[in-house]
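Below: a set of structures, written as structure tokens.
One chain, subunit A, links the two complexes that follow: it is found with subunit B in the first and with subunit C in the second.
Up next, the complex of A and B:
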């Protein structure tokens, strides 16, 4: 366990260093037009790179993490956006775990046509890109509005309804993923001797599923949570982007300077906020780190309790 | 080849239909004329692009007034090619790494696990965007190549670890004692013992990875992260990025301007991505169940 912690800590430090090294590469992009062709030229100036890095390190040494483009401290910035995103992640995770477990229970408890097709739909949903699901849900809701359904706000992050809408969108993909994991681990327990023995003694199937199968499958389910969490973070960017939710992921993308890019135009000027990029990416890496460790500790606890 | 499961037959024929549609379709179908984004109706009223799906445009048009259906067909080939190439390169790299790490010790084993764990901290999408906005990657002549390397490396560890796991399982089977006893050469062991058992799971993994890769490329499309782009200057003398390789994801790059009133512009390309992704996913799944029932 101690080795695991040290190893994870080492990886965390590695990732943060890589992020800093990449973020502070000289970012002057010059465009040169010659006759009919335009080139973008980025020159690698080692001296400038070194200066930028040492400046940043000196700033951290002085106890500041830097400022965003409006001159406010990055931490204030992070606090504002990250708290929104964390709430979103929290609600979505709770929904995902709750719905995922309920769906998995339904799928394994019953063998009828409904349970089987629900299982198939769950698997199929996993193959569909998250943005497709988000777009379809939006189209359906907008169609309902046109049919006279009471309207509520879908976009932005000010209203409770748009907040909940984003949370529900975010939870769709992880709940299907979670349901599939739980269902397949529950099924892998089937056929074990203790189940046959319990069945023989006339234990109810629901009791069997929850008290025995789920309890036994818990360690392998918890081990899968970090992977689910990474999917959730990638989804988060998509959801924040498509619902105009001003959250931490969207802020990171904005800081990378390509925010208004489209097929027709580059931004006139790249507003790249290196300190913001570093702090936000570190924030996400740390979240992954914490979830990894949390899942490991939980697995340990659950396994130990089962053995004792 | 008897007793093929119905799901496999359906998904493979869906794939054949899709490929035929994408390769033959553009030859037959001719897009309605580009009207510079403005249409003058019979009653004298003027409509501007994007045009909704209807008589003039089967699936509607994009913001420049180009027919979406025609664009979807012509961009499909490039998309399939791109995805196949990325996943194939990843497998070409991952399989040898996994083979050398099959004993679950040694430098290859350590290497792929380090790679896997390192990138398991970073959410894939934002990590890729971070990589693709490095100035050298933006302006490089070899941008396409660099982006390829980036996408391949990001998930290489995960793929290699999965493949390594199946190598390890084959290694522990009792039939592996036979070549050791009769002293077969390494090449024979690889060809007749490992490859025969590993190719089934590899094909499954390949199909599932294609499905995932379609999703990643689609997501990158929303953020205007083009795999390949050139630059030009617009009328005002400002530099602009031009996408050099038409794929489905690039059709999504102006997504936010079309939400919520012109949803069809982004709906059709994402539907195309979703359908392709679903087809490969179901082929992979069907093959997996087939292998499980035969073994």
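Up next, the complex of A and C:
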């Protein structure tokens, strides 16, 4: 475990260094105007690169992580947006694990046409673009509103309904992934001697599935949580983007030069906030590492408990 | 395929399929057996058929598309479908049908070229890492760890942001340089098994050079995982390109792209009142990706019949 933690720490440090090196790549912008548009051409400048990196390192040495474009500390910025995203991620993870496990139980417990269709839908959904599914879900909900369905807020991050709607959208793909993993793991247990013996004793299939198969497959399932988490982080950008949820991913996207409206007097794409990008990417990387470590610790605990 | 029985990997067993009783009588070669198994898979054949339709639809555009996909017309924005504009026009007055057809060319080109780049990098690094092992393997694996742990979309976005002015070539090269770790890992796993096989020892004893062993024995026996993973990567890259274009970080306007067309659906009026503007590109992405996935599943089952899901 100690070696694993050291490896994770080493990888984390490497990742953060890579992020800084990428974010501060020299972009000596030259603006070119052609007919109706003005665009910037970035050229590499190694001297500028060195200067920017040394300035950033000196700033960190002085105890600051930098400021955003409005002159606010990046940490204050992070606290505001990341806390929203963390709540969203937390709720979506719970929904994904709950729905994923329930769907896997249904797929494994029953062999009829509904269970087979449910499994096919789960596998097929993973091949579809997440943003297209989210758009279709939004369209269906808006159509339901027009048919007299009780209305609730879909966009933004201030209402509970929009918050839950974003969490449900975020959990769609991870829950399908988790269901597939749990179902496969449960199936891999089938044919084991303990199951044959339990079936021989007349134990109900539902009891067998939950009390024996699921319990025995738990270490393998927990090991898959970091991958599910990666799905969740990847989908987070699309969900925050499409539901106008002002979270950490949206803020990162904004810091990268996202131009929300063409009415802005100056294009946002030239205002890339490097310190914001570095801090937010470090935040997401750290989340990934924490989930990785948590999954490893949980696997060890569950395995030890089973052996004892 | 040359060489005796190869080993197995996590994803695809590279072992040539064991001929069944009837097939043994006809004595098919391993390649013919794979082709036969592939075409016996109805979904895979449907996938090939769907994919060919998408390719023909996209690349025969000049034959049946009258409008220039980049041509704007401020006097004819948000037009409804008509005989002149089959899918109406977008917010810039560009013909949606022309953009749909030409957008397919971009998606397919991006998918194919990234697949080629990733396969080449993956095969080279996977071969070096899996065959030689030791410190070079450790270095390559730590670098792949770095890439695999990073939230993929964020990494792509960061690089694209830094590069500015992205065109198709830059996007393809960027994505190719970011996506290689998966295939490298899988190939390394295959090679670790293969290099301990008797036929590799025999080749070494016969004086074959490392390069010859890799080219003549390792790669042909790892061709299954390479092809299957290449199809998976192609499908993923088509989705990724459309996702990047959708959020405005992909191929810039006026180049048509399915993802950019879907971006119109961010407007509530278009989302609810003009489905013809955003549904077709979404459906085209789904059809293309599903067809490639069906082909990939068919290839996986053809190379390794034991892997088929019931």
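Here, the second predicted complex is superposed on the first by the 286 of 308 C-alpha atoms of A that agree within 3 Å, B and C clash if a C-alpha of one lies under 4 Å from a C-alpha of the other, contacts with A are read in each partner's own complex, and residues count from 1 in each chain.
FYI, a contact is a pair of C-beta atoms (placed from the backbone, for glycine too) under 8 Å apart; a residue touches a chain by one contact, two chains touch by 3 or more.
All values derive from a computational prediction rather than experimental measurement.
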| item | value |
| --- | --- |
| Partner touching more residues of subunit A, whether subunit B or subunit C | B |
| Partner chain(s) touched by A:44 [first = subunit B, second = subunit C, both, neither] | first |
| Partner chain in contact with A:167 - subunit B first, subunit C second, else both or neither | neither |
| A:181 touches, of subunit B and subunit C: first, second, both or neither? | neither |
| Contacts of A:131 with subunit B and subunit C, given as first, second, both or neither | both |
| Which of subunit B and subunit C A:31 touches, first, second, both or neither | first |
| Touching partner for A:288 - first (subunit B), second (subunit C), both, neither | both |
| Set intersection of subunit A contacts, subunit C complex versus subunit B complex | 11, 14-15, 19, 22, 25, 27, 29, 39-42, 124, 127-132, 135-136, 138-139, 142, 230, 233-234, 237-238, 241-242, 252-253, 256-258, 277, 281, 284-285, 288-289, 292 |
| Partner subunit C, residues of subunit A touching it in the complex | 11, 14-15, 18-19, 22-23, 25, 27, 29, 39-42, 124, 127-132, 135-136, 138-139, 142-143, 146, 230, 233-234, 237-238, 241-242, 252-253, 256-259, 269, 272, 277, 281, 284-285, 288-289, 292 |
| List of subunit C residues in touch with subunit A within their complex | 142, 145-146, 149-154, 157-159, 161-165, 235, 239, 242-243, 246-249, 262, 265-266, 268, 271-272, 275, 278, 282, 285-286, 289-290, 293 |
| Subunit A residues touching subunit B - in the complex, by the definition given at the top | 7, 11-12, 14-15, 19, 22, 25-29, 31, 33, 37-42, 44, 123-124, 126-132, 135-136, 138-139, 142, 154-155, 226-227, 230, 233-234, 236-238, 241-242, 244, 249, 252-253, 256-258, 261-266, 268, 277, 281, 284-285, 288-289, 292 |
| In the complex with subunit A, residue positions of subunit B that touch it | 114, 117-118, 120-126, 129-131, 133-136, 138-139, 211, 214-215, 218-219, 222-225, 230-234, 238-243, 250, 252-257, 259-260, 263, 266-267, 270-271, 273-274, 277-278, 280-282, 285 |
